[in-house]
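Two complexes follow with chain A in common, the first pairing it with chain B and the second with chain C.
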Partner chain A sequence: MSVHSALEELARYRARNKRASQEVFEKGTLILQKNGHKKMGDEVWDFLEQLALAAIDVGRLEVADRCLRQLSDKFPQSPRVNCLAGIRLEASEPPETALKYYSDLLEADPTNVAVWKRRISVLRRMGQMEEAISELSQYLDTFYTDIEGWLELADIYACCNQYDYSLQALSHTLLLAPQNPVYALQFAETAYTAGDLPLSLKMFLMVIDMTDGDETECLSESTPLGITVRAWYGVKLCTRRMSRDPQLVTTSASGTSPPRHAAILDELATERLRVAYSSAGKKGDIAQGRGIVFSWVASP
Partner chain B sequence: MVSYALSHRAYVKIFLHAAKHPHRPVNGVLVGSASSSGVVDIQDVIPLLHHWTSLSPMMEIGLDLAKGHAECLGLSLVGYYQACERTDDAALAPVGERVAQQIQNQFNDAIAFVIDGDALGSGEAALIPYLPQPGADAAPWRPPSFDPPAFTPGSQVTLVNPASPSHAVALVRDNRLHDQFGDFDDHLEDVTIDWLSNKACIIPSV
Partner chain C sequence: MILVGVLRHYVVFLLQPPPKKLSRAGVREQRALARSQILRATSSKSLIPPAYHKALSQYLSDAFKDGVYLKDGPPNGDAASSAANALTDPAAMDGMMAGMKTQMVMMVPQMIIMGWINFFFQGFVLIKLPFPLTFGFKSMLQRDIEAPDMDVKWVSSLSWYFLNLFGLNGFYRLFLGGDNSADSSRDMTMSPFASAGTTQLSQPQDFAKLFKAERDNLELSEGQYTWVGEDLDLKVLRKYGKLPPKLD
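Moving on, here comes the complex of A and B:
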């Protein structure tokens, strides 16, 4: 791989906030070896930060230290570099040390958002769930539009089996990003886990609405792909459980009204899944496990 | 007294699954059969999730499909495995225990394994067995104190091939085999991914 293509790839990863630490480390060290970083202009600082994070992830702390030294030489007392130094601390020191480091930084500068979030993730890592939740809730009171924060809160609640609170957190992500099908999907799956099947079904259908191709294409001619397949599986699971246990149809903690056409939705989901598994994939590959899926969708 | 034999293929696949998602929790089911001599042969694994592991719908569907596939091969779901997000965490509960219990309801001698994050790169068997406690149904699963300890000669839980751990490490480090491994979450994004057999990752024992 040439230095030029490695640089491009790393820039793409930065734009998409992709973690891929092993690859970043390999490409990043290649660039350093061939002095590619000297031709990067101002982007070199973003690159060093990215490489430092990847190096910490793969356990090559000496590389991370070199990047960090260059960054702190260039930007002394920078809040962003301080946060990176904290992450480096987390990798080799006990969590209490990192916690104290972050607390000291926050006392000096309470607006350092990145450090506040690191502090919350250290609390979570230490198993101090109540403190993590309390701090994160306080953080979100101040920085309401931080979707990553709401997703983290939802995840913490889900890991503690508190699915209703998780749903509440996710409802904020839906308000902040109403066109994002991934958040709607997470909401649907959380609602299912919380036992609210009518709400779950409604949200799975909303995901399909958001993602199923363009509207000029007739539904019966399109093949479900990617996230849409997952959502159709969700629809099928909901309609099947509701037909086996009618009580689930009317039990909805959110007060969602029962679906009027559950049987038709069940048939439609079955047909859509059969189509998804019958067509050749994007590269002409066949779907795997087709027989098993066909028997699954066919059973009552 | 039931004993458990973990095949080379099963160990390697668990390892590949964990290696592919180093900063996430992963889980899957164990597939095998009980022999007449009181040994549960864990022949293979079917990997399930690495994403939203606390949420149940795709876990339920994955379990159903895995069970269907196992039955086609004349086998059963005989257990569950998971890796926790953090290397210092080796707990099964709460999600893992629920799934393990579900499997145990259909296969009495089900066993669960939690990956030991600290031991993963070492070339030693990096799995901690969990079994249900006798007595009340709601009792938590615990790592039993085997004598000899698990994965040592003569123990109740053994590897069919003692070289599986070091072989698995080499497959990840030298062949990047984990890049070709796919679980149910991957399959849901692209149905051409072979999550049930992972044929590309079946390496014969050396």
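Moving on, here comes the complex of A and C:
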């Protein structure tokens, strides 16, 4: 592989924010060996950062150190390089050392977002959930629009079985990115886990409504794909559990009204799932395991 | 003169103070409004269920009322004069000084060149315009030449200087980019004090007042709130033809 094509490939990874560490590392070391980075111009710093991260990922710390040294020679005191150095510390030192390093950086500049987030992630890794949660809430209170942060908070809460808090955090992501059905799906699934079936059913329906396209005429003939299938599964699960246990229809922590026509919804979900796994639905590679799915949807 | 303009651009660039870092509380105060704006913007067709929306809206409203987001913490009653005088506030003073400094860099070389031209070329005619002009342009083109009968085609040195001064902006824009500080037409449109005045007014925002206004807006949007999910079961069923379409 030539240096030129390797560089192009790496630039593509950077643009897509892809974490293909092994590939990046192989290509990056090739470029380093052939001294291709000497004639890159300003792009070389981006490349070095990318290679350092990848090298840490695959455990080749000596390469990471080399990149880091060049970066810190060029940009002393840069917050971005500092953050990278912190990640390097996390890779080899005990988390307490990294935590101390981040705390010192934060003291110098309390608004350094990247360092603050690293600190929270170290706290979480050390198992200090309470500390991590309070720190993360404080962070989000300041930088409200960080969707990743809210997702992380929801994840931490879900790990601690605090599904209601998790839902609250997710509702912020819904506010911030109302166009993204993945967040709505996560909300629905969290609500399902929390036992709030009416809310969960509504949210699953919302995902379906968002993803199944607008053409009303051929909708009943079209095949659900991808995330829509998962949402139909959710609908099916909700309606089935509701029909088995009528008490679940009215138990909703969020005060959501019970769904109307639950029986028809159940029927529709069954039909859609059948379509998704029928021979016509071969497009999405999900036609395997058809028999299992058919018997599952048919069981009461 | 072009070189002077280029030089000026870079001197102004160097003189500009680095953007000041806000403290963590300052950032929080600044962004609190965006937070409720996001909530309001989505409220008429909100994705989040009523219980969550109500809790959020209530929380923000209370926080604005109690001044939780204010940089200096909740106000304590008697400190009514929160809108500090800009002249006593060192931060605001800094902004004013920066404006003065750049204006000085603008004015000084201009005055020097003008004095220099005035000294050496006073009373000289520098160029002849290739087209005739009416008599009204005389005062514009023949400054400091007292010759009432001379044709208006002849341009005096001082007038030529002024014409160049205003004509070079297009050049600077080519060399230095659109938002360059060599642009001399701005010198004329605002005096150093006028610019200081505008920055002074815009700088200290009274967040306590803004928050109060935002509370009213929040209440209003609370009234407009509807949940998208409310009739979604019917909507999806209709979409798939399981229920008859809506009659209206």
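The rule is short, and it goes like this: the second predicted complex is superposed on the first by the 267 of 300 C-alpha atoms of A that agree within 3 Å, B and C clash if a C-alpha of one lies under 4 Å from a C-alpha of the other, contacts with A are read in each partner's own complex, and residues count from 1 in each chain.
By definition in this document, contacts are C-beta pairs under 8 Å (C-beta built on N, C-alpha and C of every residue); 3 or more make two chains touch, one makes a residue touch a chain.
Values in this document were obtained by computation on a predicted structure and should not be read as measured data.
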### Task
Report for A:193: first if it touches chain B alone, second if chain C alone, otherwise both or neither.
first
### Query
Where does A:227 make contact in the superposed view: on chain B (first), on chain C (second), on both, or on neither?
first
### Partner chain(s) touched by A:268 [first = chain B, second = chain C, both, neither]
second
### Query
Should A:206 be classified as contacting the first partner (chain B), the second (chain C), both, or neither?
second
### Message
For A:276, using the defined touch cut-off, is the partner it touches chain B, chain C, both, or neither? Pick first, second, both or neither.
### Response
first
### Query
Once the shared chain is lined up, is A:292 touching chain B (first), chain C (second), both, or neither of them?
first
### Message
Using the superposition on chain A as set up above, list the residues of chain A that contact both chain B and chain C.
### Response
none
### Message
Can you tell me which positions in chain C touch chain A when the two form their complex?
### Response
21-24, 27-28, 31-32, 34-35, 38-39, 42, 46-53, 55-56, 228-230, 232-237, 239-243
### Summary
Listed in rising order, the residues of chain A that touch chain B in the complex are 19, 57, 125, 155, 158-159, 161, 186, 188-190, 192-193, 200, 226-227, 229-230, 233-234, 237, 276-277, 281, 283, 285-289, 291-293, 295-296
### Summary
So, in the complex, the side of chain B touching chain A is made of residues 22-23, 52, 54-58, 60-61, 64-65, 68-69, 72, 86, 94, 187-197
### Message
Give the list of chain A residues in touch with chain C in this complex.
### Response
109-111, 141-145, 167-168, 171, 174-176, 178, 184, 199, 201-203, 205-206, 208-209, 212, 216, 219-220, 253-257, 259-261, 264-265, 267-268, 272
